[in-house]
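Going in written order, the chains are labelled A, B and C, and every chain counts its residues from 1.
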Amino acid sequence: MPTPFKEEKIDGKTFYTSTVRIRRDLKWSDGKPITADDVAFSYMAPLALDPNKLGGNWPGNIDPDILNRVEKIDDYSVKFLLTELPGLAQWQYGMLQAFILPKAYWGPIVDKALKAADPVKELLAHDPAGEPVAGPWVVERWEKGAFVTHLPNKHYGLKGDTSTFYANGAFVLENKKTGIKWTTGDAKGDIKLQVVEGPYVDQLRFRILQNQNAAVLSLMKGEVDFVLNSLGLQRGFQEQLKKTPNIATVENSVNGFRYMGFNLARYPFGIKEFRQAVATLIDREYITQRVLQGVAFAQYSVVPPGNAYWFNSDVKMWGKDMTRSQRIAEAVKLLKSAGFSWEIEPQVDLEKDKVLKRGKGLIMPDGKKMPSFEFMVMTAGYDPLRYTFGLNIGTWMQEIGIPCEVVPTDFNVVLTRTDERDYDAFLLGWSLGLYPDHMHWFFHSSQAPAGGFNATQYVNPEFDKLSESFLAEPDLIKAREKAFRMQEMLAEDLPYIVLFDTPLIEAYRSDRLEYPFTKVLSGIQYFGGMTSTVNLKN
Amino acid sequence: MIPGHARAGGPSGALRPAPRFGREQLKARVITMRRYMLGRVGQLVLTLLIYMTMVYFLMQAMPGDISQVYLANPRIPQAARLELKKQLGLDRPPFFQYLSYIKNFFTGNLGVSFSHYPRPVWDILVERLPRTIVLFVTANCLSFYVGFVLGRIIAWQRGATVDRMATVVGITFWTAFYPLLSLILIWLFAFTLNRLPLNQFIEPALWIKAPFTSNTVFGYMVLGASVIALAVFLIFWVFRRGLRRTRRSAAMAWAMTAGVIGLAIWIAHATGTLIYIWDIIRHMILPVCTLTLINFAGTMLLMRDSMLETVQEDYVMAARAKGLPDNVVRDRYAARNALLPTVTSLVLSLASSMSGGLVTETMFSWPGIGQVLFRAAIGNDYPLATGALVFTGVFLLVAHFVADVLYAFLDPRISYTGQPAAEG
Amino acid sequence: MTELATSPDMGRGPEKQLPRFDPGITEPIWKIRWKMNMRSLAQNWEIFKESRVGMSGLIIIIAFGAFGLLWPIMINFVWDPLIYHPVVGFDPMLMHPSPPVAGHLLGTDPIGRDILAQLMFSTGREFLLGMLSAVISVVVGTFIGAMAAYYGGFTDTIFMRVADIVMLFPFVPLLVVIGSMIRLSIFPFAIILGFLEAFGGITVILKAQALQVKVRPYIDAARVAGGSDLHIIRAHIIPNVLPLSFLYMMFNVTAAIVSEATLSFFGILNIDMSWGMMIHTAETAGYLFDFGKFWWLWAPSGFFITLFCAAFYMVGRGLDEVVNPRLRKR
């Protein structure tokens, strides 16, 4: 648990330092304790190798721009020396979540790699079989292409950790065996949930199945107890599994969204009212509830509701709860206010909810007739949901005379073209992390040039300033306020028209497994099936 | 894989009989044979090079590259992406990439897979190869045998109910929608009747404590099957050629075959591999049967057509006129000569199944070459996809070569210049 | 191979190269040729009619054709496109997938589209795909085969080596590789398929056939009479190869449909609706593992694929007996 940052002058340079203490009861799977040496090594080795070159998981959270070095103070504490004061994104949600690796194992390998001509290549070529780990499982046998089995880690330090969540938000972490106790908030009142870390299972087996039918059949047959499938279970499986005895299904929301984006650098997509009109036209609830029959849910903010702490439920929801004709009337109003006109203006009957006349020949504020543009959606084979959504959106736009042509396009082509900014409109999706710094990356103007993440080329100086200060914000409460403000701005400006996402449905053998809890953002599989807390029945 | 595809099951258009060679032509035949072989090898290398080039540039023409895999994670900066490209050698001009690709291929280096980075492509393919070989060789041989036997019967009884029934049933399976059929069979036999393993190629519970890896066992299986096949072939060759064909000698041949197989099983048992081999065989039953159902008709119809041609040959007529029993004429005279085009198609289908097993391997979770190719293509793993395509291409090329040579050796009626002897 | 029946040489207009010698016949030669062609067609038809397999195949194909032709009538005059459109249709009155009911004789798919409408709509497309790829493969294959056989030498070597290489490409995996990287829509797919077939095995087989025609005396006669190469290829070689080409065309239709269905099943084509896509939709939505319960999601389309392919294959078998006299009944 880090101490607050102090400003220190060392060798004439100013550093912001923080001391981090390490739990004393943790061990590697080879029985050696996890010490400050390991922690310092885990930060210093990637720095020496240049994390940009290394790529991948290990250094992903280490920012060489601000981390100068990590020093060992004693066996169980280290000191971080940073060149500037980090925000939440870089510190709590960044550096402190980096992987810690055993120095005894990796030290010599990194040393050897550093001497090689291409250190990174040398390091990546190393086969990490037999590496000591700190997690609950050690690999027992791996038959490539068939299965992997794990045995419990005998030295797993977190075993017996009791996490208690109170109804008032307090949290207590306690390990009776080693005497560690850590509390936040006021630990009183009703206990909402108590989880004791295992593992309780004597062996863990992963089978590799290549088609989902076979996976579900083996679940029903009892050959497997849980299915890890990043897509979750589709509706046909759900219907069947709900009726099957001894199988429990769990539904969780997912941290992500699918959205529609316009190329804001092209006229007239840069006009805010145009996007607002399109957003108003899209009846998300009709598609998710009626056409797709609940396999997806509507979404309006760029932070998904599942990410409850950061989600702002109060953003502007264009066209929500309107009828078809109301939507059209509203969209026409918005377009007119921005100077659009029609050769034939669409007309609706609000009373009977009927379209009397379809719009034709939309004329842009600059007086020219709007040319037909291309709206890229996924192919039906790749993602039927986005395909269905895209077709419907296209139909609605055409109804009021927006000359859009829906083009089912290959995923790779969409990515390439958005990356090169060579497109009119597209439909894509994101899967997100817990901390909503994606808003910075997706919408900050510095990311707008080709290759950056701001594919719609949204530029708003006010937003830029806010998002920068959000990233640098070290205080959680204030960061949340800023995140809320950002969501409101984005919902108003609509660089993305957020559409929907699908809940994740999973199933497990309820006659075999007992989970302490099943409400998990992105599903049980987000934590690898929660293998260390699950209990075996009988 | 594809019903009706020209090389698999169509009528033997290219293989019409032509006038036989005269005695004086035999000498010339030996010389042309050697020249023919040499020329063929030269063409082989050239063809391979052209093929590799085509595969390479085909891959280059595809959109998307590996850096897109990291597009989804904003935290990996632009610099890291460029660095990654450099490591994978994607920053050099395409022509140099191509040259090093060709050079590397001939030193046995197919590059490094993107999606399994940093595993070499070669490594992945070699790991998958034995599984694919065992499954598809078995399936091909079985479907070949079934097709051969059935084709022989229905040709002999052409026009009869058996002929029509077998043709209709055969065509139905031959054109059945394969993924659907395999799903139905899995559901029926592995789930509803619960008789067979559902998917995969080994049972984890059994293999956890296994002293070998599955690939070792596959290796033993390939080795064992080859030895048995060779032994059985020798036994029958000796008995058929060397001794008089009597009922007793036939019985002895069968007894010896049983003995060889029994011995093989005993060796497997003694070395402790038997239970593991049996486990793999159990997992093979369903895919092999599905493949046989789909494929047997190809061989059957080809065999039928081929038989119908041979039964009109003089020697078959003569044998009949001699008053030999019907089935002797059928099996010894007509069928043996009709076998030739069928065997060629077997060699070719064996090779093409090295890669064509994509559907089977996916439906039955059998991690072989076809599946690697599929995953690599889906995941934009160009080196792996290229490697797998080239790898299977080499197999096919060699098989074509073997088929040609086999044909040239076995059938005196075919000349070696690649054109039918009809031209003279 | 003897007595090759020729096939019609329609619209080829050989009048330009009128005969250099006058055999004393008053009728123009194209008329004679036309009559001969018609007669040989009639003969071939007689032989084909003998084949029960071929005839049943033909009847099935005609039935499919009629079914496919129903589509424009149904969607324009009978069905409401909002509900029955094969891709964006949706019936708000039912829970989907719905088993067969009055309005939907074969039920609806998981996102509320009518199965019968999809089947009907797809039939035309399957014909289009199959015929387009087969015609391309056969036209190109026949022409190349005839050229290679007639000229021999360098031309022959080049095309035969190209055929070797094309045959080297593992067929389905290659399409998978191309398809998964650039999702092909129906036309490019048919064209790629057609050319792959054309340059591959079909060329080799048709060349072998053309070679046998080339050594016939009448080719020499035509050459002596001063016929140009192109004329000889067009008027004498190609018509004699055509029956075999036609036979392979049938097999290629089968191959094209099965390839499309397989690739669609894996979701790697950019085709909005086809029989393969229907099964793909059922599969991805998770309805393809309880076969008894949701039969209408897979059985009609699966049955159609098999029947359609089998029909063309059977016609091919029937034609085989026309082309190959040894297969005919004794």
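Rule of thumb we're sticking to: a contact is a pair of C-beta atoms (placed from the backbone, for glycine too) under 8 Å apart; a residue touches a chain by one contact, two chains touch by 3 or more.
From a predicted model like this one, the values you see are computed outputs, not experimental measurements.
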{"item": "Innermost chain by mean C-alpha position", "value": "B"}
{"item": "Pair joined by the larger number of C-beta contacts - B-C, A-C", "value": "B-C"}
{"item": "Chain centre separation (subunit A, subunit B; CA means) in Å", "value": "45"}
{"item": "Separation of mean Cα positions, subunit C and subunit B [Å, integer]", "value": "27"}
{"item": "Mean-CA-position distance for subunit C and subunit A (Å)", "value": "48"}
{"item": "Shared interface positions of subunit A, touching two or more other chains", "value": "213, 217, 410, 412-413"}
{"item": "For subunit C, residues contacting two or more additional chains", "value": "181-182, 266, 268, 288-290"}
{"item": "Per-residue multi-chain contacts in subunit B, two or more chains", "value": "63-64, 183, 187, 362, 380"}
{"item": "Touching residues (chain side subunit C, partner subunit A) in the complex", "value": "87-88, 90, 92, 95-96, 110-112, 181-183, 264, 266-273, 277, 280-290, 293-294"}
{"item": "Subunit C contact footprint on subunit A (complex, rising order)", "value": "212-213, 216-217, 233-238, 240, 290-293, 379-382, 384, 388, 391-392, 395, 408-410, 412-413"}
{"item": "Residues of subunit A that touch subunit B when the two form their complex", "value": "51-53, 55, 60-61, 120-121, 124-125, 140-141, 143-147, 149, 203, 205, 207-211, 213-214, 217-218, 220-221, 223, 410, 412-413, 415-416, 419, 430-431, 438, 441-442, 447, 451-453"}
{"item": "Parts of subunit B lying in touch with subunit A, wherever the complex brings them together", "value": "63-64, 68, 70-80, 83-84, 87, 117-118, 127-128, 131, 183, 186-187, 190-191, 194, 198-202, 204-205, 207-208, 213-214, 361-367, 371, 380"}
{"item": "Footprint of subunit B on subunit C - complex, ascending", "value": "1, 52-53, 160-161, 164-165, 167-174, 176-178, 180-182, 197, 200-202, 204-205, 208-209, 211-212, 215, 244, 247-248, 250-252, 254-255, 258-259, 261-262, 265-266, 268, 276, 279, 288-291, 298, 302, 305-306, 309-310, 312-314, 316-317, 320, 323-324, 326-327, 329"}
